[in-house]
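Each chain carries a letter (A, B, C and D) given by its place in the written order, and its residues are counted from 1.
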Amino acid sequence: MTEIQNKFPGKDVTPEDLASKFPLVAKRDPQHFSRFTVAGVEFGGRDIPIMAGPNMVESRELIVDIAKNVKQRGARFLRGGAFKPLTFPYRSAKYNETREQGIEWLGEAKRATGLPVITEVMEERYLPLVCEVADILQIGSRNMQNYPFLTACAKTGKPLMLKRHYGASLRDWLGAAEYLLVEGNEKVMLCERGITTAHTHRATSRFLLDLQVIPAAKELTHLPVVSDPSHATFWAPWVTPMALASVAAGADGLMIEVHPTPNEAAVDPLQPLDYAQFGDLVRRVHLVRDATRSAS
Amino acid sequence: MTEIQNKFPGKDVTPEDLASKFPLVAKRDPQHFSRFTVAGVEFGGRDIPIMAGPNMVESRELIVDIAKNVKQRGARFLRGGAFKPLTFPYRSAKYNETREQGIEWLGEAKRATGLPVITEVMEERYLPLVCEVADILQIGSRNMQNYPFLTACAKTGKPLMLKRHYGASLRDWLGAAEYLLVEGNEKVMLCERGITTAHTHRATSRFLLDLQVIPAAKELTHLPVVSDPSHATFWAPWVTPMALASVAAGADGLMIEVHPTPNEAAVDPLQPLDYAQFGDLVRRVHLVRDATRSAS
Amino acid sequence: MTEIQNKFPGKDVTPEDLASKFPLVAKRDPQHFSRFTVAGVEFGGRDIPIMAGPNMVESRELIVDIAKNVKQRGARFLRGGAFKPLTFPYRSAKYNETREQGIEWLGEAKRATGLPVITEVMEERYLPLVCEVADILQIGSRNMQNYPFLTACAKTGKPLMLKRHYGASLRDWLGAAEYLLVEGNEKVMLCERGITTAHTHRATSRFLLDLQVIPAAKELTHLPVVSDPSHATFWAPWVTPMALASVAAGADGLMIEVHPTPNEAAVDPLQPLDYAQFGDLVRRVHLVRDATRSAS
Amino acid sequence: MTEIQNKFPGKDVTPEDLASKFPLVAKRDPQHFSRFTVAGVEFGGRDIPIMAGPNMVESRELIVDIAKNVKQRGARFLRGGAFKPLTFPYRSAKYNETREQGIEWLGEAKRATGLPVITEVMEERYLPLVCEVADILQIGSRNMQNYPFLTACAKTGKPLMLKRHYGASLRDWLGAAEYLLVEGNEKVMLCERGITTAHTHRATSRFLLDLQVIPAAKELTHLPVVSDPSHATFWAPWVTPMALASVAAGADGLMIEVHPTPNEAAVDPLQPLDYAQFGDLVRRVHLVRDATRSAS
């Protein structure tokens, strides 16, 4: 039994993995942390860029209005989904992807505000279209282990944000990131967005934000780690405390869902913050950042 | 709080979901169970077809030898991977996909034995190639939520086996199956292959075979449900008891990994059965089938 | 990192644990399985004793009626709770423990039918009282790690059934069993009763029956392993398939909740079988037992 | 199916639970938060008391030295275990509880430094002894559902800290707390100490600190919530980031394991901080406290 256990990997990262499984993702020394700039915004440094916007790019008016309002309150990136993995195949007028149209509207919001854009891409064939507007390509949780797609995304040369699948180990996640780095793409960041666990504390919440993975990841990899408390908690009142906790745990950035009238959001209306709540979050995030980054 | 909880779905299937989210997957009445035939083998009936073969189609000789031996011992389908999702991007001479070559060898094993073939396909562009040889397309756990790919697979008209993602709820799984049925493809089966849990009982085992999902699924859907105890347990000594338990719980089929010399398998050498163990498994599965199917 | 990982145990059993942490619980050789008899009923042998009865010993009439009916349909032990761990401190006329009274009624049912009795004990001070009637003491999930209590139970010399805590690893469970064996008590059996996992497949079900732990436990320990599908699934329609699956996986006994009118049960009314359903379960369990035990 | 689901509780707290299952634990209004003082230290207020000390009270010298050093660096309470639940029954000279002796030494450290003491009690019969020295009784994770023991602890009138079982839901935890309040004991605090999940990110770590439970608990209950990142992470390098994150998420206090020479600690040597690391933690916790509490 001993020999077998030593020979085959289990669920956690082994020291051998660092050199043989993800040598590009692994830190070269304890103080090795990547810093890079996307559209003038630095990731991996002292700043904690906040990416904010709606779950879904519902309309031109909405996305432009949100872009202006989150920028004014301190967001550095505009987020919003035009292509979205939906659990069931049926759509309605309200509950639907806006796809090519949504990407175009994101472009308009970007031009109107100067905010750079991060948005999800789900298929190789849409990469050229999405790359026209996106400054960072978001690879969603459900595609984390779609390895041919990871390779295709990396080859665009665009900065990438790789969301952790909600059932994936840190080992699996770093393995997926290695697929990106091996293509020569060096602007890669990780994003924790909640895991499945026995208890999530509300009947409507499906995930638990895993903050322990932040120090765990930063012990092994030099890549910046972003936190998405909105999707993780699925409940607006918990977003700000979990955003502050993410920063205190060492997160290098935040993804925050914002909608002017959360109750009317096309999808997941329990999780967005409104403008005032978002403004309060930014102010408090900056205080925690100053307390923890100056102290380290 | 009450209103919100009633309005938004949680982690489990609600009665409303049956009609609105997966009407084609849902049973029309309690005795509604689909039966269909693939290459002369019936799924969903009294028989419990066993699909057997290696994890990876390593060589022509190996796959032909395995095909002959599992057929002789009672397998009704040959399984084997030519395209495989690998957690890390690095390959070696031994640890590598055989891809187009492997599909060709699967075809030779099929012609040599008459056994129909099930194999995984990972990318839309390989669908035509894989469809030439495969009688059932296997959609892997990691692609369960790759919705555009589900649609592409369904449109081939080929029978499909949809593996449950190891972090997916029954609700998510049935939603993914609906993406297949909505394209008019009626030969769809589900496959449970282990979930992530706090405890898997061996350091080298990553999953726990979820047998409770079998009666749970069969309460809601008419689709046949297959069990894969080899990948789930990752440990050969547990495969036979968990295969027998699967059949007793109501499974409509089994996926079993078989290799003539398990220790020399290119990947996951702890999990395959050898020929003698597989023959014993088939004999005992038939006894449990006769005990449970005649009794129901 | 390597040295530290080798020096400190993780979540799973290591080969060293077998000799140093639970030498009495560990098998001496692969074919080492304990067999012992309690009140004329053998555990660990070819038979699969079924222990049946209500969740709570609600009244004299009820428990005597259930005892007669489950005996007639093949139960070998009467189960029923007089002392029960209740999640909240408030009681009502219906939802309440019957305590000393319940133990007395269990004794009457035992005398009326000759069925031996298994019942839970929760406090050291009630051991003398419960031992007067019980043939097996049940140590509940919530007391699995109440080590001083384990020692007190073992010292009574009574046969013991140790339920696995729903969050406990196999390693923790075997450690708790060692506390029993080290006191010289050799009639100890383990009972799997469901674990907490991300998905249980119904909003009202809190646990998932872990059948993988049965072959895993029997690989390491000689103690008999019983399965309790009623508490695990919390849903009567799943009890029979999961009972059959338990036996096929290697379980040495079953705990089944039975009530003449399940909808009127004082606690957990979704999980008991009625008499006819229980009779059908016994008949089918015997068929699976004959198929699997003769085959091994 | 709908009616049944509405009638029976599931895994999460329902609005009805607040009034019927734990009315004393539930908040009366959104701004209802208990504040109380123990030995001059306020819990539930703006301050975040830090309770620090070794896992085990190994010797008189050790505990007095640690008490002096953690006090000097900002700890407000001395923690240390004399009675400890150990997973296996075997003891060695080093790996052993110090029991009555340990309680005496805790008393000496208290007299030497003036630091109040929190320590675990595991059995009703030791309550008088432990109450002589302890200012707060710690009810361990493994006793969270030992309801008769909860009642006995509450009846002492001593302030209590109730650790969450690592498999318990928030609903179960609040139910256990209600057992304490119903006895008239109003000085009760909760302590999150890590849960079992599929992934803990190190082979030697068994738990994941659940910070999402902090805003979730504070939404429902007025009781103070403390965080124990040492036991949760089982890895010293993660303790400080997770302590800071706890405070940012809203924790009302911290339990931190400290040892002058962690490598020589009698139990769990991977998790304690040394004196310098602890001093740094206190300084940084105060910065985060000032940033988050002034901002709220």
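Worth pointing out:
FYI, contacts are C-beta pairs under 8 Å (C-beta built on N, C-alpha and C of every residue); 3 or more make two chains touch, one makes a residue touch a chain.
What you see is a predicted model; the values in this text were computed from it and never measured.
The set of chains in contact with subunit C as well as subunit D comprises A, B. Chain pairs A-C and A-B differ in how many C-beta pairs are in contact, and the one with more is A-B.
Ranked by how far their CA centres sit from the centre of subunit C, the chains are topped by A. Subunit A and subunit C have Cα centroids lying 45 Å from one another. Taking the mean of the C-alpha atoms as each chain's centre, subunit A and subunit B sit 31 Å apart.
Along subunit A, residues 5, 10-12, 14, 167-169, 195-200, 203 each make contact with two or more other chains.
Against subunit A, in their complex, subunit B makes its touches with residues 4-5, 8-11, 20-22, 85-90, 122-123, 142-143, 145-149, 165-169, 171-172, 175-176, 178-179, 182, 195-196, 198, 200, 203-206, 269-270. The residues of subunit A lying in touch with subunit D in their complex are 10-14, 167-170, 195-203, 208-217, 219, 232-233, 237-238, 241-242, 244-250, 283-284, 287-288, 290-292, 294-296.
Listed in rising order, the residues of subunit C touching subunit A in the complex are 1-2, 5, 10, 12, 14-15, 167, 196-199, 203.
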